[in-house]
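Below, subunit A partners subunit B and then partners subunit C, in two separate complexes.
This part shows the complex of A and B:
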């Protein structure tokens, strides 16, 4: 008996019309029940169900990874609570979902099982893959409903972010937290090595020279490395793309998800730089070091220069005891770095209400005030230019010159690697570069093998698209 | 000759010490790092020796990073819930495969064992679909459900029952005991080592499981220990606070470690009986 009246009240009609829907649906329920000749008890039950439900909001899930550290998870939970308290129509449940890769796995599994999350904070270079898989929705209809266009909407976002936000000319992701690789260096070590701590290396030649001077040896044993960078999955591919871009390369085709440029002079040069620093100059440790190990070495004075994300700025600022500074990633041909970070995407399979609720949440999270606050808290840069016009942000940049350098480098930022099967194609390169780092392969062979593997992975998509001829 | 008799045991002890030192090093390091103040900057980070005044700051930070009381409760519910159901299903299934005669029994048994060959991640999507259909999504019951039947446990119990001479059952049967009384009063008490061994394997596996709970659970109120720990240890782009990480890891593994030490003798005995190596 209870079940039937509850079902006659369409749950979506409630939330769609908000608070005032209560009376309407209560009346409907009553009328339906009366016409069906239900008992008074059932009608009373229905009234209770209806009136308590009338105040219910549209509930949506928001999946987010924790890309840097735990206190970010707490801050994100606080933000979501602030949103929930600020209005009555939407209630967001913040769901922590592990790493970037775990988040993709969970969101896609949930979607396949019929429980797609409304909004996900997704690694910004997964959009192409997710769009090809048919998991995420185009945000164009939401823009149209607001009476705006993609061009107008994106105008406030840094130009380097546009490519990763759009797929095939439509908006699929709203940038939320973004980063670029950055060179962090220990100023004291620079002084000891006879280098000017206010003149960090700008070119690869200066970079290698500095790394050699900074390395401290005791016989064969290295006491302090001139340079270190993470070599683990995800990070390594990102840093290799920074090095190949600084060498004039492109890494991948920004307009077509079926091409990567591994077996090219620009990538070969980048691979050789890593190879030489490890095996020829011996200024960088051999083998694969994890990001945590790199920052720990930097804090402990065991590494003089490290290449890490701008997303680590706050963490390094809080924990580095010795004076340090940051600099652009050194160039061989040009200054260029890929962006990184995450954007907000919306999954398919939502009701009209949760789609609207999700968009409302996306709009709130990507407002200049929230983006600015998140940027100050984490070290990521805010994707909106207007966030930097805010008074708090101006004060902050004034107080933290390192954040200013990270921001200045944005002028040279390029889109992030995104293709069909992004993760596997990226690993094809990473496995080979790791072999170079371990001294098991020469750079020439590594880039050739990486290209061959990547081409094999891309083949199904290429056959369906560029090689599908009439 | 005399010398040999003294050297051989000494060598054995030396070898065992070397192996156990290598095995224990990560645990020792975790223990040291969790009490070490200032764990990311210090040059002695990698040292296994206590060269510092111990601090509880890392534990405080770890406890602040998550609602550990809730995580312990949820993980305990999951682990005990799974084990409780498993003990019933594997005993009955093991009995059926060991003692009952029905057509296709052996084929069915081997088909059942095939389950052991499947890699769990391959089952995420189909399992999740079933969980959603059953209405168990985002609940602890959903985390437990796929493990209610265990191929490994069934195999273990079947072997344990097969190892018990039929004389015992026949004696009970002559006295008029029905099959369930035979299982309960005769077979299960004799198969206790196998049950204990399975319990250890099951509890450890589900206590440490990460991926499946992460897939099923959304509500923070349902988070288990591993997910809670991951919220402050799984950084992708940033650096790591080793001390807090070590303290959190210790908090997660402490209950199991303490239980194991407390009941060590029993556990070792049951492994010896059941023929499983830990």
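This part shows the complex of A and C:
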């Protein structure tokens, strides 16, 4: 939250807000200080107290989630400190707010309580809902103030990120950390199974074939699964969109928040792939496994191939003992993966000063140098193409071939699922796919039921928009 | 209770000073009682009754996500909640969860208490061990059980594997997940309820037990005819707090399953959370809250009344 120290210390400063606002305030304060500094130390000391208040460093809050581990929170705190030390106008307080979902919740709660955070690092697919709810502000005025346009501003960002950054044709989020699903595989297991560890499966046919060969059985008992993927809420929806996109599908309408494509051949094929791998080929465990369970199984050699986020690259690199490699998500019709990750958004209810301060911080945080450093530290890819032109980044990519694969896959990236009531509409599909994973439903029925439920959820919005006729 | 005590005291007081007229006396009593109750009443009003009233009012209004403004809708939110299959699933799960946790945890608590109620050094150690799970916050316990429940590589599967039992997906199988949550809750709460039973057992009249023993009652008969009836108020109290717990503590669901798979572990409180914060439907969340609070009130009142009648019966 922004605090005007002038207001809190000097009761008469209300009228001075106009004079001492923004950059002008600093100059005025400095000039006053300089002229009075000559009149004597005592007087100057007395004034430092008063004028440092009037000179009003703008204080803002920055909420950020860390979906992976604690060391990322420390790195973010370090970055914020670096920003605070680099200039004097703005002081940012970094507030660690838990998971993506918790961050959304806490930011909205703070806004309801009248203390909206100026800047939030928000899961990029919440932007549509937050805009509909009226919680976040359009960034177009800030672009206009800089004399630039959305097109020019976004030109440096990877094309796949543009859709999630804009809502209804206006810029609402600045991409900060991004990811795509990625196939991780154990090279030793590949050798044991007679597969070439340098030729990961590229198509669904090769993928299923590899999974069958990689699965190790002792009678009925499976000792090692050929493939595992997280099946919990949020992750499952993302991976199902990867599979349906690889099957030629779109999952949702990128341009209109009222449509999803669940009861379609592309999604049915994806659901059947999962169903077959579990119940027909038995190369994937039944039921739902959480992401932590999937990575643990991969580390323990109990799963040969896993589908996880590129955001886990550093985590896997640090913990995997056996040699591994990464590959594109296999395709049936085309190579395609959804984007994931977070972008910087600004909350409504800010004063002019804290909005300016927030934007200044957003600009700093989304500079190529910072984005590159964060990318090397975390494993997320940097949303700006120019970040990869930096020397440190070229060296890093040279040293880490797995990061190179993740980067190459970006050429096939698609926008991330975002609609009216994103979470509920996503859950409509996830509940049904989980039923398939548990053998409670056939894929055909599951996608039909998912579509029915999603349409029900979307109806209020559709009635207000596409079906609202003159 | 306080009022009772004051009135009793006052009556005794009056007996020694018969000059004060009854009506004034009564007024004074109530003034005193009220002024003594005021601080806690204010807190209760501000933090309990007002929010309850507020929730009921909110439940009558709808603020459509992305729509224009709030409007009065009467009982529509309640109708929508009752028609929502996710709510019915959550209510049914909550019922299973209540029966599944309360019966075993209270029975276990009683068994532990009966085994450990004598104060010996050994018993003190065992009591501490059994009480330990209730010292662990539910969130921490759930994070711990995440590793215990991991399919294939978790602690539980590791030991079951040694016995030749394998292939359970404790929180990922929709038939098993709720019972894993139940198991965790029983582990967590039994030791806590044991403490109440140990305290209750100290008050069971020793002479009655001895009399029953002399009359030739065996252990089971002594338990059934003497100890259990004497423990009735404790049981009613323990069941009441256990019931409140099954509706108000869902941290483990949040940590372990988020209500999944396919809503198999969704409980009422988590459903309310989802409606309010994931689905932007404050009206529906308020209606579901009002329904849950009403159910909780009815059940608690029933239990407290049973406790009262039990206590009176005892007296």
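In this section, the second predicted complex is superposed on the first by the 418 of 470 C-alpha atoms of A that agree within 3 Å, B and C clash if a C-alpha of one lies under 4 Å from a C-alpha of the other, contacts with A are read in each partner's own complex, and residues count from 1 in each chain.
In the analysis below, contacts are C-beta pairs under 8 Å (C-beta built on N, C-alpha and C of every residue); 3 or more make two chains touch, one makes a residue touch a chain.
Being a predicted model, the structure only gives us computed values, none of them experimental.
**Q** Which of the two partners, first being subunit B and second being subunit C, lies in contact with A:383: first, second, both, or neither?
**A** In the superposition, A:383 touches no partner, neither subunit B nor subunit C.
**Q** After superposition on the shared chain, which partner residues are touched by A:438: those of subunit B (first), subunit C (second), both, or neither?
**A** second
**Q** For A:292, decide between first (touching subunit B), second (touching subunit C), both and neither.
**A** A:292 sits against subunit B and subunit C alike.
**Q** Contacts for A:116 in the overlay, against subunit B (first) and subunit C (second): which applies, first, second, both or neither?
**A** neither
**Q** So, A:300: does it touch subunit B (first), subunit C (second), both, or neither?
**A** both
**Q** Based on the superposed arrangement, let me know which partner A:235 touches: subunit B (first), subunit C (second), both, or neither?
**A** Touch status of A:235: first partner only.
**Q** Once chain A of both complexes is superposed, is A:372 in touch with subunit B (first), subunit C (second), both, or neither?
**A** Neither partner.
**Q** Of the partners subunit B and subunit C, which touch A:132 in the superposed model: first, second, both, neither?
**A** second
**Q** Once the shared chain is lined up, is A:464 touching subunit B (first), subunit C (second), both, or neither of them?
**A** second
**Q** Which subunit A residues are contacted by subunit C in one complex and by subunit B in the other?
**A** Common to the two interfaces on subunit A: residues 105, 292, 296, 300, 302.
**Q** For the complex, which residues does subunit B have touching subunit A?
**A** Checking each residue of subunit B against subunit A gives 40-43, 45, 65-66, 124-125, 128-129, 131-132, 137, 210-211, 214-215, 218-220, 223, 227, 230-242, 244.
**Q** Spell out the residues on subunit C that touch subunit A in their complex, using ranges where they run on.
**A** So the residues of subunit C in touch with subunit A come to 64-67, 146, 150-154, 166-167, 169, 171-175, 257-263, 274, 277-280.
**Q** Show which residues of subunit A lie in contact with subunit B when the two form their complex.
**A** 61, 65-71, 73-74, 77, 93-100, 102, 105-106, 109-110, 112-115, 179, 234-235, 291-292, 294-296, 299-302, 308-309, 311-312, 315-316, 319, 321, 340
**Q** Once bound in the complex, which stretches of subunit A touch subunit C?
**A** Those in contact with subunit C are residues 101, 104-105, 108, 129, 132-133, 221-222, 231-233, 285-290, 292-293, 296-297, 300, 302, 420-421, 423-424, 427, 430-432, 434-435, 437-438, 440, 457, 460-461, 464.
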